[in-house]
Amino acid sequence: MKKIKVILPVNCPDEWLDDTAGSLNAVKDADTELSVGKIPWGPPVIEQHYDDIWAELPTLLEAEKAEREGYDGVLIQCAGDPAVRAIREKLSIPTVGLMEAAVHLAYILGRRFSIITTLEAGVAATEDLLRLYDCTTRCVSIRVLGLTVQELMDKEKTFDATLREADISVKQDRADVLIMGCALMTGLQDVIMERLGVPVIEPHIAALKATEDLIAMRLSHSRLAYRAPQNNNRTLPGGIGA
Amino acid sequence: MKKIKVILPVNCPDEWLDDTAGSLNAVKDADTELSVGKIPWGPPVIEQHYDDIWAELPTLLEAEKAEREGYDGVLIQCAGDPAVRAIREKLSIPTVGLMEAAVHLAYILGRRFSIITTLEAGVAATEDLLRLYDCTTRCVSIRVLGLTVQELMDKEKTFDATLREADISVKQDRADVLIMGCALMTGLQDVIMERLGVPVIEPHIAALKATEDLIAMRLSHSRLAYRAPQNNNRTLPGGIGA
Amino acid sequence: MKKIKVILPVNCPDEWLDDTAGSLNAVKDADTELSVGKIPWGPPVIEQHYDDIWAELPTLLEAEKAEREGYDGVLIQCAGDPAVRAIREKLSIPTVGLMEAAVHLAYILGRRFSIITTLEAGVAATEDLLRLYDCTTRCVSIRVLGLTVQELMDKEKTFDATLREADISVKQDRADVLIMGCALMTGLQDVIMERLGVPVIEPHIAALKATEDLIAMRLSHSRLAYRAPQNNNRTLPGGIGA
Amino acid sequence: MKKIKVILPVNCPDEWLDDTAGSLNAVKDADTELSVGKIPWGPPVIEQHYDDIWAELPTLLEAEKAEREGYDGVLIQCAGDPAVRAIREKLSIPTVGLMEAAVHLAYILGRRFSIITTLEAGVAATEDLLRLYDCTTRCVSIRVLGLTVQELMDKEKTFDATLREADISVKQDRADVLIMGCALMTGLQDVIMERLGVPVIEPHIAALKATEDLIAMRLSHSRLAYRAPQNNNRTLPGGIGA
Amino acid sequence: MKKIKVILPVNCPDEWLDDTAGSLNAVKDADTELSVGKIPWGPPVIEQHYDDIWAELPTLLEAEKAEREGYDGVLIQCAGDPAVRAIREKLSIPTVGLMEAAVHLAYILGRRFSIITTLEAGVAATEDLLRLYDCTTRCVSIRVLGLTVQELMDKEKTFDATLREADISVKQDRADVLIMGCALMTGLQDVIMERLGVPVIEPHIAALKATEDLIAMRLSHSRLAYRAPQNNNRTLPGGIGA
Amino acid sequence: MKKIKVILPVNCPDEWLDDTAGSLNAVKDADTELSVGKIPWGPPVIEQHYDDIWAELPTLLEAEKAEREGYDGVLIQCAGDPAVRAIREKLSIPTVGLMEAAVHLAYILGRRFSIITTLEAGVAATEDLLRLYDCTTRCVSIRVLGLTVQELMDKEKTFDATLREADISVKQDRADVLIMGCALMTGLQDVIMERLGVPVIEPHIAALKATEDLIAMRLSHSRLAYRAPQNNNRTLPGGIGA
């Protein structure tokens, strides 16, 4: 049995949790049990670095709770991988971010990948992740839909914009693999693969499989690379200790 | 059901097949079915580039046969990843090499990894793989046991040498993740992790999970990155066509 | 007149503010006016990624307040540069982090620099900053004192440890420039320079001069690189809107 | 008091000295005193490597004179940074080149910068500087006006060409910071910033602030990185010893 | 006397041997003696990785024979450099591949080179070579004629396509040096140089001169970099030992 | 017939010219004719950047003279490659520097090279050349004899120091190829190769063969990479025009 906590690092509508659960349950291993939750305060969506800062502290606290509750692994359900490195310092169970899992898969599947994301404002944060992961060499473009996360709810608009940018990525930037740059850009894999002939990576699926693999292999992040923090008197607003 | 063909790219004793099957079956998914085979001619072991050349053509032919026989994926059971790129050009089903899977896992688990391999003569081939995969930035050392692949059969000697080099990798080279550099260096993960406190990656396990993941996600290598070869009159010794 | 807000991104004793003010006032331009403050909640010190996450949100809020109050520039007084990129997305006035200023100065002053910091646990965060800044090529080592930020208060111990690590950096790692890796490692510049013959960069001094320069040149960060965030309903614990 | 010698590394008309003095005096610190001079022989302008070679020896000799005369710092007033590394070997006072100062500022202000320079023939020398400074990663283009240094005197032509290339740099190359690639491309900062919304760096201004900073921080280049030359019998044409 | 064995790593028509001999004899040193041969089985042409695998084993065996026969050096007459690294492990005499020689020459002749090759399917193998040689920094494009190796026999078609791609390489990709990406793209050097004003490297000529140089300097590849293989019982199809 | 001008970029004793001629004539092609000269003013030796600046202008003028006199190629006989890039801008005949030729040869011969040079003060200039040539990836160390160029005249001392540093380079730095870092470190190739088993590159020999090759192939540097300078009124001391 692999018990995995999936944390949406946003203070979002509850139906997002259901959608996420549905999408992940469709591809999970038979012996995987998923629990999907969200943060109790923070930003409603994450679109750029500014939102990361709002999201990371409550996400960290939720991840700590998940370990206390006995989960075997944590998946942070956002392609900006908020707080992942800090969570690894605190937790012993494997913690996986969407973009990190997706990018390494892209290296294996092809030679040149593009990331398709929502807004121009988020490109910088994505570039920064590639730098942090030392994975800049094979990303040939980061293309944007020009849609906010909220606007992704309009499935038809999202479909058209994604297909348009995917086409440019493959034909102009010569990408041979595509990564969907937001956890909400789901359900487009088959049609893009069929039309453009390139693998399409949905990062939350890639991250789920990576989390399952780590649990199955009884591996977790290196505690020499991610060292446990000191006990210190850290406080929340209103002086709540943590 | 995920049917995976595991090909040992060496003309080895049959007990190696059994050992490989045992080791992989212990961690496979419930719905995975493995078939382990070897090449009918070629080198008895792979220790350096020279052996790669002897192994790659028969390995390629075995992989082609596996696809014809209906397998869902192919795993090339050698940390030198022989013929993997060429196989991908010919096959549509996912094909995974041990080192490629291991290295990307190492990037996710830590910040600095070492590879521990058999002989000084094989270091160059391993370095070349890292260059091919654009994954040179986080490898801090490739250390050698000074044992031939044959000598790895002596489990005690292998254990002592591996522990010695693992210790140097962590303490002197400051590696925080270790990769076993030969598919035959198995069964040491737990003891090294316990003594040195760093994750140890057995590449054939990493490769098995990667192959299962790809099949589960219905993803394979990009056919724009790995393009199908022309039909040409290629011949084997004695003028056998292929 | 250049009005600069200096924000200590820690919930620290008030005497740290006085020390910081004293150290910065000694080298500021004649027409610079400094105001040194701290965050009202968060961690008492920053020693690694985990602390960054605790510090970044209150630091961001303090920086926003500084711009509303009419300051010409913001200096985040910590060598981990917490929240700097997110602050730049929100603010139009120049925002400078200590490590970023120090590293670019090190490139100009020499060819190989070392960073001397407090604890092994903080090395990863420092390495990550160098990756984010695309400044990994000239850092030859990050050496640690093995002292917590609290222990840095013991001036003698700090002096001895710093001199010891500086000596190793220059003689063994062949560094020709040194960066003090914590804003509290002050007052050691002259003695190290005299004994080892290499320039020593105190990052808060470097950051102050960089902030003054930007104001004097009427330059700020690019709003195409750091794009303004959307107005969204972001909340603090207890449901306080922000 | 910060006494800075500004050396134009060209044998130019005297009015260039006045223009330079005017431009620098407008942004200098209150306690900075500038002296602007030129070389007594050499090339009339610097447009490419060939001119560098003509300019570097007389520039070196002028810099040596400046140190003997008691200046606190030297600024080489050309974006090709001629002789800067050799001067640092001989001098103990800080020596700053325009491009080096500008490039590091560009890293701090944004994520992708373009350099706009005079002639195609000078692009190679600029690329070489970026290589020497290990600062190639964020330069997305070097664009040329197609004007000789002499033609830069035509202010209207220069204005039009600069605006044209700046526009291409931002919109096509996606630069978010611009560097003026010649010390004579002045007075365009405000209009370009206003029209294109990106910071524009005038390298001589950046270099002046960097020189002032170094003097204020009592820092100079590392003498381990820039080692003092041997006393040898070096001669000028006509057998003049030096 | 420099006796050089030229091995075409393809099972090709005999007239290819004559063409190769003619082309190489025209530029060889006076004291060089060339013997041009081919492999007795394998692929008729090499167009991508798949063909490399078919060609490498027989090429290796031919190279071993050449050393036994007393040649002073071996030249592998294909721009994919098949088996070169493995041959160096086995042989003590210098062994040169076309692309490796050509690429290093391109670095010396200019700053940005393009490679013009036959088919899109071969681009990946060429990119992989650049990675192996750590020579990715100056290649600005790999452009394809869209012709199979067989179609290169049509001289007029080849001429038109090459000129078309050379023109795009220089004008659009801003290459200042061109490398012909297939050993069969000969005789075009002068006309392209005349029309486009850039040096054109024919890789087999570059490789011949490199081989002659090594023999003249009494240098060969490092036996620490290319280590001798173990004696093992390697077999060919039909159980033929080797 | 290949007429090559060899320019010693130093104002040295005449016997250095004879030594150089002797050493080069021993390996030249049968149809090569060498003329060895020196500069009429400048530094007596080149040991670091400071000397480069003194040497480059007279070297440039000598190279221009050589082209006017009808030579087919120019070889700058110093491992610091002084003025080479500027000479290429002015001249159409091939111009070769020692280090550039040696480094590319080292890439071909092995995987990790060390450069052994004279003084610590010259290491920076050598590192800068590797950066300019984009060839930093395979240099594992630059080791120094601690001898001035003058002291190299003591053959025994030079022999001992070179062997000592070569040994450290191979055994400690794991170099598999060595480059002699000064044109005067000759005659040691055989003994080092014999004792340490690695190829030793004498850069002036490598440069001679490269120059001969370029002439034989009728290739020269790209005029798009090295563009012709404008006619301008450049002057020497005393107002001599040039």
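As written, the chains take the letters A, B, C, D, E and F, and residue 1 is the first residue of each chain.
We adopt the following convention: a contact is a pair of C-beta atoms (placed from the backbone, for glycine too) under 8 Å apart; a residue touches a chain by one contact, two chains touch by 3 or more.
Predicted model, so just to flag it, every value in this text is computed and none were measured.
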{"item": "Shared chain contacts [chain A and chain C, defined touch]", "value": "none"}
{"item": "Touch-network distance, chain A to chain E, counted in steps", "value": "2"}
{"item": "For chain F, the least number of touch steps when starting out from chain A", "value": "3"}
{"item": "Matching chain pair for A-C (criterion: over half of the contact pairs shared, by residue number), options E-F, B-E or A-B", "value": "B-E"}
{"item": "Greatest separation from chain F - chain, by CA centre", "value": "A"}
{"item": "Cα-centroid distance, chain A relative to chain D, in whole angstrom", "value": "44"}
{"item": "Whole-Å separation of chain centres (CA-atom averages), chain B against chain D", "value": "53"}
{"item": "Numbers and ranges of chain A residues touching at least 2 other chains", "value": "111, 124, 134, 225-226"}
{"item": "Graph class of chain-chain contacts, one of line, ring, star, complete, other", "value": "ring"}
{"item": "Running round the ring (origin chain B, first step to chain E), the chains in order", "value": "B, E, F, D, C, A"}
{"item": "In the complex, chain A residues that touch chain C", "value": "11, 40-45, 47-54, 56-58, 60, 83, 85-86, 89-90, 120-121, 124, 128, 131-132, 134, 148, 225-230, 232-240, 242"}
{"item": "Residue ranges of chain E in contact with chain F within the complex", "value": "27, 29-31, 96, 100-101, 104-105, 107-112, 133-135, 137-138, 170, 176-177, 197-199, 201, 205-206, 209-210, 213, 216-217, 219-226"}
